[in-house]
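In the two assemblies presented below, subunit A is common to both, partnered first by subunit B and then by subunit C.
Right after this comes the complex of A and B.
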C-alpha cells in the first residue's frame, strides 16, 4: 500500500510536469496559430484559420517542407546504414575494443555549437583545412555558402557525423542480445555472410530498428540547431526547412501567428507519419 | 548623538557663544540631517529595486554598468539589479519578462522595430523630459507620434577601415569614388611589398553582417527603398539605375575579396583584417578598440573613410544605433530617475569602455572634457574627427535598412530581417542574375513584406 502511494505520487508529479512543460506550451502554440499578432506581448486578434491559409499558400512553406523531407530522409537513411555497419564492426573482435567503442561515440558527446563552429572554420574558404585539401586536387574551396546543394550536403553530412553514434550504440546493444547459436547454425547450413545478416541479424534487430527509425525521424524532422548554427537556412533559403521557417516567422519577421501555424502544421505532419508508421511497424507484435 | 557626522560636530563646537536654545535647535537639525542622510536609504532600499536588462555583454561594459549601479544604490538606496544578454537576444528577453509578469524596468534594444512594437502595445513610457535635456545628433531619436521612447547611446556607424600604413607607403589617399576604391584595392592586393592577399571582405550572405556592412555604397549612390508614402521605389527607373550600378560595383569588387563572401561573417571582418589577409574591412571603431588592447602598434595603423558614391558626389555610413527604453512598470518613475542620473553621471564612463566605438549620440558630450579626457580619443583623433563630421556634414548620408521609409515603422524592420537586400546581392554575385531581375525580385519581396 505504501509502495502504491509512492507510485501514484511519482505518476502525479510526472503528469503535472508533462502538462506544465509539454501540454501547455503545445496548447499555447496552437492558440497563437489562430491569432494575428506581431509579438508575444501584442493584443491577439482571433482570425480562425487565417494563418493556416496564408501559410499553405506560401511557396516558401512547401519549399521548406520539401527540404525538410530531403534533409531528414537522407540523414536517417545514412545514419541507420552507417550505424548498423559500425555496430557490426564494433561487435567483432578488434584490438583495443573498449577504446575504439569510446572513440566511436565521441561525436555524439560534443555540443552542437562546437561542431558547427569547428566545421565552419574547417570549411573556411581561405584557411579551412578542407579548403587546403581541396586545393591539392585543383579545387579552390568548398562552396557551402554559395551553392545550395553543397550547403544541404554539408548539413546532412554534419548531422550524420554527429548522430550516427546514437544509432551505432542502439544497434550494438541489440547485437549483444542476438544468440550466437543462430549464427553457428547458419554457418553449419552454409549461409554466406550476407545471408546471415539478412536472415538473422536484421530480423533480430527489428525491434531496435523500429524504435531507432521512429526517434531519428522525429528528431531529424524537427532538427533546428545544426542547420541554424551552420547555414542559418541559407544560401538563398537552400537549407531552410520548417523549423527554421517557423523560427524566422516568429522571432525575426514579427509574424508570431504564422510561425505558430507553421509549427502546428509541422506537428500534424509528424503525428500523421507516426500513426502510419505504427500501423505498418507496430511496436507490440504479440497480438 | 553617536550618529552625528564630523560636520555636525564642527557645528556644535562653533556654538560656544550661543544660547542654550540655539544649541538645542542646532542639535535637532543635525540629528535630523544625520537621520535623513544615514537612515533613509536603508528604509527605501528594502523595497526599491530596478531591474535592468543590459545588452552590452563585454566585460568592460558590464563592469562599468555594475559600478554605476552600485553608486546609484549608495546615493539613493535604490538597488539596480542587472541581467546581461547579447544585444540581439534582448527583445526576446523583454517579451518573456512581460509575459511572465515581471517585466524589466529598463532594457537595451537594438532595433527601432522592436521599440515601436513595445511602444505601440503601451509597454513603454515616454522619456521626453530626459531627451529634451540634451542636443542630439541626426537620425538617431526616431520619435513615435511626437513621443520619444528610447535613449540612444551609440551610433554604431559603419565605415571602411583600412591599413593606413600601407596607404602611406604607397602614397594612396582615401578613395573619393568607386574608381578610386577599386584602384586602391588593386594597389594593395598581391604578394609584393606593402601588399596583402586580398583587398576587402564584404559579407553577402543572409545575415546581420551583410545588412550592416554591405550597403553603404548603395546609400551613398542615392538609393532608398520607400517614397514618402511607403511605396516601394527600389525598382523605379531612377532608383533601379543607381541600385544596378551598385550591384555591378559589388560584383566587380569580388575580385578583391577572399573566396566565398557568402560564407563571410563578423569573424572574417575582424579576423581577416587583423591577420593581414585584407587591407580594408567595413566596420566600426570596435575594431580599433579591440586592436588597441591586444595589438596597440597595429591599431595605430588603422585608417578609415566613408562609403563613397559612384562619382564621389556624396558619402554615406550605415548606422546600427543601440538604446535604452523604460518599460511601463511599478518602478517606471524610479527607472526614469536612474536613467537621467546615469545619463548625467555615468554615461561617459560607459562610453569610455570602448571609446572609439561608442560614438556619442548626444552632441554636448563631444564638448565635455570628461569625454575628451580619454587618451584613445586623442590618439585616434582622425577617426573621431571623421565621426563628428558625419554628424555635422549635411551631405553625408546616414542610413540603415531598418530605418528606411518616411518615418519609423516596423515595416522597415521586417525588410531588414527578411534579408531581401542580401538576397539581391546573392542573386547578382552567386547566381549571375541581371541587375533588373535582382532588383525586381528584391522590390517584390519588400512589397510583400511591407504589405504585411
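Right after this comes the complex of A and C.
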C-alpha cells in the first residue's frame, strides 16, 4: 500500500517530539531530585538520595501529605455524592432541562482564578455577600483568613463547587445506558425509589463510578491552583499540601532539588495508589 | 392530580431551583459586582443588580496591563491550539492506520502522561527553559501548555479515527487519490467533530491555566490573564470592582463558546478533557 513509509516517518517524528516534550522533562525532574541546587542557574552537585532523605525527615512533608489526603478524601467524597444527586435530579422530567443542565455544568468551565477571586470577594470580611449572610446568624464575619480549619473548609467547598459537574456529567451519560425495563420490573415488584436506586441504578453505574473515582482521586491529589490562589497554603501552612510544598521549596526557597524530590515522591505515592486501585477495581475490559 | 404527586412535583421544582441558585449565584454575583461603582459596592448592599456603571471596565482597560495580558492569552492559546492540532492529528491518524507491535504503548504512554502532576512537569520544564535561554517567554508557556493538550488531543482523536473504517480512504486511493488527498478530502471531514473538540479544549486549557503561567512567566507584561489578574490581588489594595470586571472578561469568551458549541463541550467534558 502506498504512503505507508511516509506514514511511518510522520509517526516517528511526531512521537519523538512528544516524548521530548513530556517524557524528557519527567526524566529531568528525577535528575533534579538527585542534585543539590540553590537556583536554576547554579552548577548542580550530585548528592544521590540526599534530597529524599531530607524531605522524608521533614515534619513539614508529613503534615503536607496528611493535609493532602484530608483535602482529596473529603473533596472526592462530596463530589461523588453530590454529583450522583445532581445527575439523578437532572435525569428526571424538569422544566427547561437543557438550560438547567447547562447552568449546572458552568462552574466546571470557569477558570480557577475567577472562582478563587469571586469567592474571596463574597467572603470579604466587611462587605462580602457571605459575610452579610453570616451576620443574619449572629457571626460578624467568616474567619477563613486566620483560622486554619475554616480555611481548609473553604478550599474544600470551593473544590467541590468547581469539580462536581464532572461527576454529574459522567453519571448523566451513564444513566442513559441503564435499560428502562429494569425499573419497570422493579416497580411491578413494588420496590421503593430508594431500593431501585440502591439495587439497580448504583450497580448499573459501577463501571462509571470506578473510572470517575480514579480520575477524581488523581486530579484532586495533584490539585495546586485553587488552594494556592485562595490561601497560598496558609494561614500558617494550614492548607499546605504536597504540590504547594513542592512549589514553595522550588520557587520561593530555591531548594530546587528538594522541590523536585517532593513532586517525585508524590508521583510515586499516586502511582502506587493507581496500581492498588486497579488491583481491587479492574476496569471493564469492554474498551 | 392528587396531593402526593403534586407534593413530589413541588419538591422536585424546589430542588431544581436550589441547584440553579447554587451553581449560578457566584457567577451572578461576579457579573453584577463588575457593573457597580465603588460606592454601591462598599456602601449600599443589595442582592439585586444595579446601579449600572462601567467605571470598573474603564479603569481596567485604560489604567492596568489587562489589555496586554489579554493579547498574551490570545497568542499563547492560539499557538497551543495550532501545535496541538497538527501533532495530535498526525500521531492519532498514523497510530490507527499503521499495524505494528507496541503501538498501543504510544497511546498508553499518552494517557499516563496526562496523569502527571502539573508541578512534576513545571519544575523540570522551567529548568530546561532556563538552560535553553527560553525562560520567561510566551513561547515557553505555549510549549508547557502543549504538555497537557497533546496527550489529550492524541487520546481523543485516537477514539475518533479508529471509528472510521480503512475502506473509506482505501476506496478513494483506488480511485486515484494519494494518501494525503484521501486524508484531507475524506478522513478529515469525517473527523471534524473530533478535531473541533480538541481545538476547543486546547484553547480552554491554555486560556484558563494558572499553574504553568505562574511558574513560567515572571515579567508582568508577558503574563497571561489568569496570572496577570492574580498580580492585581497582590500589588494593589483590593479593588474588587475591577477584579470582578477582569474575571467577567476572562469568563465571557468561554460562556459564549459554551452556548454555541455545547454539544462538543459535553462530549469533551465527560471524557475528562479538562484535566481537573
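We adopt the following convention: the second predicted complex is superposed on the first by the 267 of 287 C-alpha atoms of A that agree within 3 Å, B and C clash if a C-alpha of one lies under 4 Å from a C-alpha of the other, contacts with A are read in each partner's own complex, and residues count from 1 in each chain.
Heads up, the rule we're going with is that a contact is a pair of C-beta atoms (placed from the backbone, for glycine too) under 8 Å apart; a residue touches a chain by one contact, two chains touch by 3 or more.
This one's a predicted model, so the numbers in the text were calculated from it and none came from an experiment.
Enquirer: Here subunit A is shared; do subunit B and subunit C fit on it together or clash?
Expert: Clash: subunit B and subunit C overlap once superposed on subunit A.
Enquirer: In the superposed arrangement, does A:132 touch subunit B (first), subunit C (second), both or neither?
Expert: After superposing on A, A:132 lies in contact with subunit C but is clear of subunit B.
Enquirer: A:124 in the overlay: touching subunit B, subunit C, both, or neither? Say first, second, both or neither.
Expert: It touches subunit B and subunit C both.
Enquirer: Considering only the touch criterion stated at the top, classify A:181 as touching first (subunit B), second (subunit C), both, or neither.
Expert: After superposition on chain A, A:181 lies in contact with neither partner.
Enquirer: Spot which of subunit B and subunit C makes contact with more residues of subunit A, would you?
Expert: C
Enquirer: Could you look at A:40 and tell me whether it touches subunit B, subunit C, both or neither (first, second, both, neither)?
Expert: In the superposition, A:40 touches subunit B and subunit C alike.
Enquirer: Considering only the touch criterion stated at the top, classify A:106 as touching first (subunit B), second (subunit C), both, or neither.
Expert: second
Enquirer: On the A-aligned overlay, A:251 touches which partner chain: subunit B = first, subunit C = second, or both, or neither?
Expert: both
Enquirer: Which partner does A:189 contact after superposing on A: first (subunit B), second (subunit C), both, neither?
Expert: After superposing on A, A:189 lies clear of both subunit B and subunit C.
Enquirer: Quick one: classify A:163 as touching subunit B (first), subunit C (second), both or neither.
Expert: Second partner only, subunit C.
Enquirer: Which residues would you name on subunit A as touching subunit B in one complex and subunit C in the other?
Expert: Residues common to the subunit A contacts of subunit C and of subunit B are 40-41, 124, 126, 251, listed in rising order.
Enquirer: In the complex of these two chains, what residues of subunit A are touching subunit B?
Expert: 38-43, 120, 123-126, 140-141, 143-147, 232-237, 248, 251-254
Enquirer: Subunit A touches which residues of subunit C in the complex?
Expert: Its residues touching subunit A are 12-13, 15-16, 19-20, 22-24, 26-27, 29-30, 33, 41-42, 45, 47, 87, 90-91, 94-95, 97-98, 106, 109-110, 113, 115-121, 123-128, 130, 135, 143, 146-147, 150-151, 154, 170, 173, 178-180, 204, 207-208, 210-211, 214-215, 225-227, 229-230, 233, 238, 240, 243-244, 247, 250-251, 254-255, 258-259, 262, 265-266, 269-270, 272, 274-276.
Enquirer: Can you list the subunit B residues touching subunit A in their complex?
Expert: Those residues of subunit B that touch subunit A are 92, 95-96, 98-99, 113, 117-118, 121, 123, 197, 205-207, 258-260, 262-264, 272, 277, 410, 413-414, 417-418, 423, 426-427, 430-431, 449.
Enquirer: Residues of subunit A touching subunit C in their complex?
Expert: 1-4, 6-8, 10-11, 14-15, 17-18, 21-29, 31-32, 40-41, 86, 89-90, 92, 94-95, 100, 102-115, 117-119, 121-122, 124, 126-127, 129, 132, 161-163, 165-166, 169-170, 172-173, 215, 218-219, 221-225, 228-229, 243, 246-247, 250-251, 256, 259-260, 263-264, 266-267, 270, 274
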